[in-house]
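Given below, in the form of structure tokens, are the structures.
Both complexes below contain chain A, partnered by chain B and then by chain C.
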Partner chain A sequence: MKRLKPFAYREPKTLREAIRILVGEGPRAATLAGGTDLLVRMKQGVVTPSLLVNLKRIKGLDRIQRPKAGGLSIGTLSTIAALERSALVAKRYPVLAQAAGFLGSPSIRQLATLGGNVGRSSPAADMVPSLVVLKASVIAEGASGKREIPLDTFFKGPGQNALAPAEIITAIVVPDAAPSSGAAYVRLGRREGMDCALVGVAASLTLDGAGSVAEARLAMASCGPVPLRARGAEAFLSGGGLAEERLREAARLAAGETSPISDMRACADYRREMVEVLAYRALAAAVQTDRKAR
Partner chain B sequence: MKKPIELTVNDELMQVEVEPQTTLLELIRDGLHLTGTKEGCGMGDCGTCIVLVDGKPVNSCLMLAADARGRSVTTIEGLAKGAELHPLQQSFIDQGAVQCGFCSPAMILSAKALLDEDPHPTEETIKRALSGVLCRCGSYKKIIAAVQAASPKES
Partner chain C sequence: METWIGRSVPRLDGREKVTGQAVYTVDVELPNMLHAAVLRSTRPHARIVDLDVSGAQSVPGVKAVVTGRDFPYTHGGMIKDQPFIAFDRVRYVGEVVAAVAAETEAIAQEAAARIRVRYEDLAAVFDPKEALAADAPILHEGMADYPHSPLYENIPGTNVCTIRTFTKGDVQTGFAEADAVYDDEFYIHAVAHTPMETHAAVAQHSPADGGYTVWSSSDGPHRRSKELAEALGLPVNKVRVLSTYSGGGFGGKGTLVAEATVVALAAFTGGRPVKMIFSREEELSAAQTRHAAYLRIKTGVKKDGTLVARSADLIWDKGAYASKGPDVTYRGAMTIFGPYRIPNLEVRSRLVYTNKQIAGAYRGYGVTQVTWACEAQMDMIAQRLGIDPVALRLKNCYVENDTFINGQVMKAVGLTETLQRAAREIGWGTPKAAASGPLRRGRGIATTLKGTATPTESQCVIIAAMDGSVTLLTSAVEVGAGQHTALAQIAAETIGVDPTTINVPNSDTFNTPYQFGTTSSRVTFHDGNAVRRAGERIRKRILEIAGEILQTDPGRLSMVNGRISEEGVGERAGIKEVFSQKFPRGGMIVEHGSYCPAGSELLKADPGMPQGLSSAFWMFATHAAEVEVDVETGIVKVLKVAAAHDVGRVVNPQLCEQQIEGSVVMGISNTLMEEFKLDRGRVLNNTLADYKLATMMDLPEIVAIMVEAGHPEGPYGAKGAGEPAVAPTAPAIAGAIFDAIGVRITDLPITPEKIRAALKKAPC
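Here is the complex of A and B:
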């Protein structure tokens, strides 16, 4: 049987206690959420934490709620399965439910958390592109208090992020979407279930009163060292209409803005070509969700 | 260091001692000798280790036993009532959906979680619900047929 090497283990009941334990142990401590990433890497021997701080006995970190000020606050321990079925998510941010449906398998989604997907900071993370186009931020808490980090500036490299040592993600917050807007996520794996994204593209479009694009956002998974924005394509789209040629041109621009790698799943050239295909589909689907919303 | 935890396994409340690094799969197979639950990959990919925790399928190779504290675990051994097989188990036999049988416990438990929630799923829904379990014998068609046949008849 594939076994885990022994480690020290704590189940704090409060966030404060968790932070104190992390600070005390130093860099070899790791936070455990769903474990679908961390335990795999521990079994592979890629990481060897001396102490696991399991967050799951801290109450209230799995809440999905609408704060008084609007938007949505998704507790870090919310599972991907919970996002897939949440009525609140389906109503306000269907793109998140859609992205959740792509992640792993039904049984992985029962364990995997949103905070773990963001905290792992893999360029292939499936929840991240949609969160980026929705302008989400990370709420993190550490020894020196609480802060909000926009997702746009959160990722620093493959597996690297803006969290300070011993800082814990407590929630992901998403502001209200603009009235006339839509978003969609499209991704390609080698098979439909259970494979990480070869390429994933999320698009959001906000229209002004005249029906032109007031704001466009495109974010891509597995296209570079961090989840990428296609800023050139976004700039091209804004101010213009939604004619098919314009969406296609934007998709072409987006493909040019990527720096994918070649690995056993796909080569860089194939990924770049697929970005163009998927970016067009994501934009076209975003237009559709907008029409449905109105 | 071993710590006692209390959990329910197949409707029986029990106290067991587990190390922090013990996975739920190790507890079930090595500790409780319920060997119907299999290990294929140990990494979340094959799904043969799936059990139900509070009625939902999870990969027991990626869950710490400590996280099962206070929860209710169902393994394939918990489905039959005495000598009477669960309708899904009977259906897998009737439809010839069991080849080597290595994936069958996980397939049946995943299907149970599905039917408990959606008694009349479409073929697409069944495929999605079973997408995390690999059948190395390629028995998928018969497995899907077995789930369809086990879906309660509309009265």
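Here is the complex of A and C:
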């Protein structure tokens, strides 16, 4: 069996203490949440942190709640399984519950956290496209205080994000969805469970009073170095109707906006082709969820 | 009417396994045990110019660092071509270059990482066709000198590890008589066995007598003992192999793998035992694989579908060392004609070394590979001639008393029934669900035959202890399929006791008698026969003792479930009472049983034909599949598989059903998902995240159908079920895909990308 390289380990009880420890250790420290990603990469020797700061003893970071001002605040330690089961999520943001159901397997979802999925900043992260189309932001706290970073600007490259050293994600916040809107996430793997997305597409559509598209958002996993928006397709959809040909044309445009890579999981051409298939299916499903909601 | 045969007796090892008490090789803990780690080659083909182990030796807690210079032995059950540890040359990425034994596994790994190697790269070859080229780099220049059985002919100066041919009739005449001749090439890929328990072994050397004790979950303890003894120049009675439970093998644990490394290390630890457990990464890149193969077959056929001739040219991808390849590919080659009557036959089969992970035995032993080609081509012939695929098979397939290619008259041939019942269960010929959006439905069917290695021997000992309790000593390994339970049922039936009271300990080559191996679907038949013979003797002696104690003629006595009855009188006593009176001061009765079909009339072949091709029994299986293809994504979802298996006689229906279900799962997985991604021989996807196995979520409805063509020599008519189960799944799925979308994939695995590419060429 592969053995982990030695590392130090801390379990702070407060956020402030956690930040202090991270500052003290410097760049070789890593925050640990569910560990479903970090421990795997440590075993593979891809990362070799000198110190793990386990956040799970900090109270209150796993709450899913609706702040007075509206929207939803999801504590960083909320597990994917909790999102899948939450009545609040199911009612207001069913797309998040749907995306949660794709991630790994039941046992992985029981451990994996939303903060870990965002914090890892993998272009394949399954929760991110839906959060992006819902206009979510990251709440981060560090030595110099607290700030809000829109997810649209959070990701900087594979595994890279806008967090400053020793900054910790404390929550993901999502604004209220517009009244006449729907969203959906579809993704493709090589098998039905325990698989990383070959391509994932989330779509949200908001309609105006006349039934044409007031706003469209499309976000894609595994299509580039960061979770991508298909801005051209979004612009094309805005102001128009929901006819099938328009959705198909938007999907074609979305595929053209991607820059997938060829790797051992799939070749770039297949991925690009699948963006088109999935973008159409996501848009069509978003229309359906909107119809159901009304 | 039997009491215990045909009943789903709960597995004897069930309780032990679900409560975590069962000891697998990874669980073996011994006093003073050391832990091993190895340094593996990072080069596909290179000379070792310099090997500096001083860095490893200086790590505190390291007890031994061993290289091929220290332990200059080679092994190989068929061809002795493989060093325990590389000498001055590596032939694949992953080959062991040096091994370390230390107080902990972490120390051993740390030390192994400090060994420095300087390589001088040699030209490498990764494809067996390229390896056949005149100017290909040669892996084994010294091939001619390797000790090997005369059965395995090689071509020195090339990469041809073995070459075998077979002819019968005259294919040229056959092709001339045919209305159509089809020439097609198929490819089947390498896959991993992926047992839950990775390869593991523990070895201890006795400095006093020079012997070794090895703990292993290998499927053939006596053969491993023989291979080790031969490799090290020791008598067999100095090499003791103890079997643990096995966490799955599927053929991958049928040679010396982890065993070789721990044996080499144990020679240098002053008697301290050494344990090695493969990491999953090692399991997927440095254990063994299924042989990949290019299978070219040319078949001549009459307009009405009658097969008249077939020639085949098979090229198998050996990887770096022979392992069981010579026999796997021979058995495979001789099955390329399928379960069909074809008068004119010809095959050339070449096993070719390449600079890749070693290929070995894999469930089906070569038959899985050839079934892919044979059955895919049968479908293509049916389509070209406009004949129904089931009808084409029924027209040509073996029936009772047909002769195999060497002239052996085949008995217990339940093939037709497997075809009919699988077809009926899948709804063959009835309307399918209509296309819906991008989804298309299709059905496919494929069949296979598999023999068993013949002749091979199995022995056992049955003991009735002083209280009448029964122990069965067998070297058949409980590899997970329920071997021990099935043998206990046969013993129970024969003796007249309850199978759940029989003790079947794991084997020990110093204490349990010889048997060839838990391979080739042979245990129920061969060991079952040995058990039946020993059981009959034990029963006779028990009744004699009972006659003596009860003062009556033993001929009037019978026993069921340990209760002894007298004819015309009724129940007289229990075995326990009788034995406690017979053995007041202790004692036991011991009987030996053995079975080997050598010399059986049933094996007789035509004069001049290879007798070795006769099989003690023949197994037949048909799988029918229904799939749904998404034409936009290329994704195939298997909806249902009906799997009909002629197993002779079902000993334990539940275990048999599990064998069939398990192999359908394995078949779906390796047809649609599993694949090694290689870069110059290096496995890129050496984790279970990237080496895709089917999960529960991917599984269809599986209907296991058991056909019982009772075998005249089988114990209670039983044959076997382990291997053929996996072979027909791939061609059945491929046929169903063709039925759904008109696209024929001839190279495995069938990936969404291949389907999309094919659809673009020929839109449906």
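Basically, the second predicted complex is superposed on the first by the 294 of 294 C-alpha atoms of A that agree within 3 Å, B and C clash if a C-alpha of one lies under 4 Å from a C-alpha of the other, contacts with A are read in each partner's own complex, and residues count from 1 in each chain.
What we mean here is this: a contact is a pair of C-beta atoms (placed from the backbone, for glycine too) under 8 Å apart; a residue touches a chain by one contact, two chains touch by 3 or more.
These numbers come from a predicted model, not from an experiment.
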Check your understanding: Which partner does A:105 reach: the first (chain B), the second (chain C), both, or neither?
Key -> both
Check your understanding: When the two structures are laid over each other on chain A, which of chain B and chain C touches more residues of chain A?
Key -> B
Check your understanding: Is A:36 touching the first partner chain B, the second partner chain C, both, or neither of them?
Key -> first
Exercise for review: Identify the partner contact of A:188: answer first if only chain B is touched, second if only chain C is, both if each is, neither if none is.
Suggested key: second
Check your understanding: Of the two partner chains, chain B (first) and chain C (second), which one does A:265 touch, if any: first, second, both, or neither?
Key -> second
Check your understanding: Touching A:273 in the superposition: chain B (first), chain C (second), both, neither?
Key -> second
Point to revise | chain B versus chain C as contact partner of A:3, first or second or both or neither | key: both
Review point. Regarding the shared-chain residue A:68, is it in contact with chain B (first), chain C (second), both, or neither?
Key: neither
Exercise for review: Go through chain A and flag every residue that touches chain B in one model and chain C in the other.
Suggested key: 1-3, 40, 44, 105, 192-194
**Study point:** Touch list for chain A against partner chain C, complex
**Key:** 1-3, 40, 44, 105, 188, 190-196, 264-267, 270, 273-274, 277
Review point. For chain C, which residues count as touching chain A in their complex?
Key: 105-106, 109, 277, 279, 281, 632-633, 635, 673, 677, 684-685, 687, 689-690, 692-698, 751-753, 756
Exercise for review: Could you please specify the touching residues of chain B with respect to chain A in the complex?
Suggested key: 19-21, 23, 25-26, 29-30, 39, 41-45, 47, 50, 53, 56-59, 61-64, 66-67, 110, 128-129, 131-133
Check your understanding: Which of the residues in chain A come into contact with chain B in the complex?
Key -> 1-9, 11, 32, 35-36, 39-40, 43-44, 52, 54, 56, 81, 104-108, 110-111, 192-194
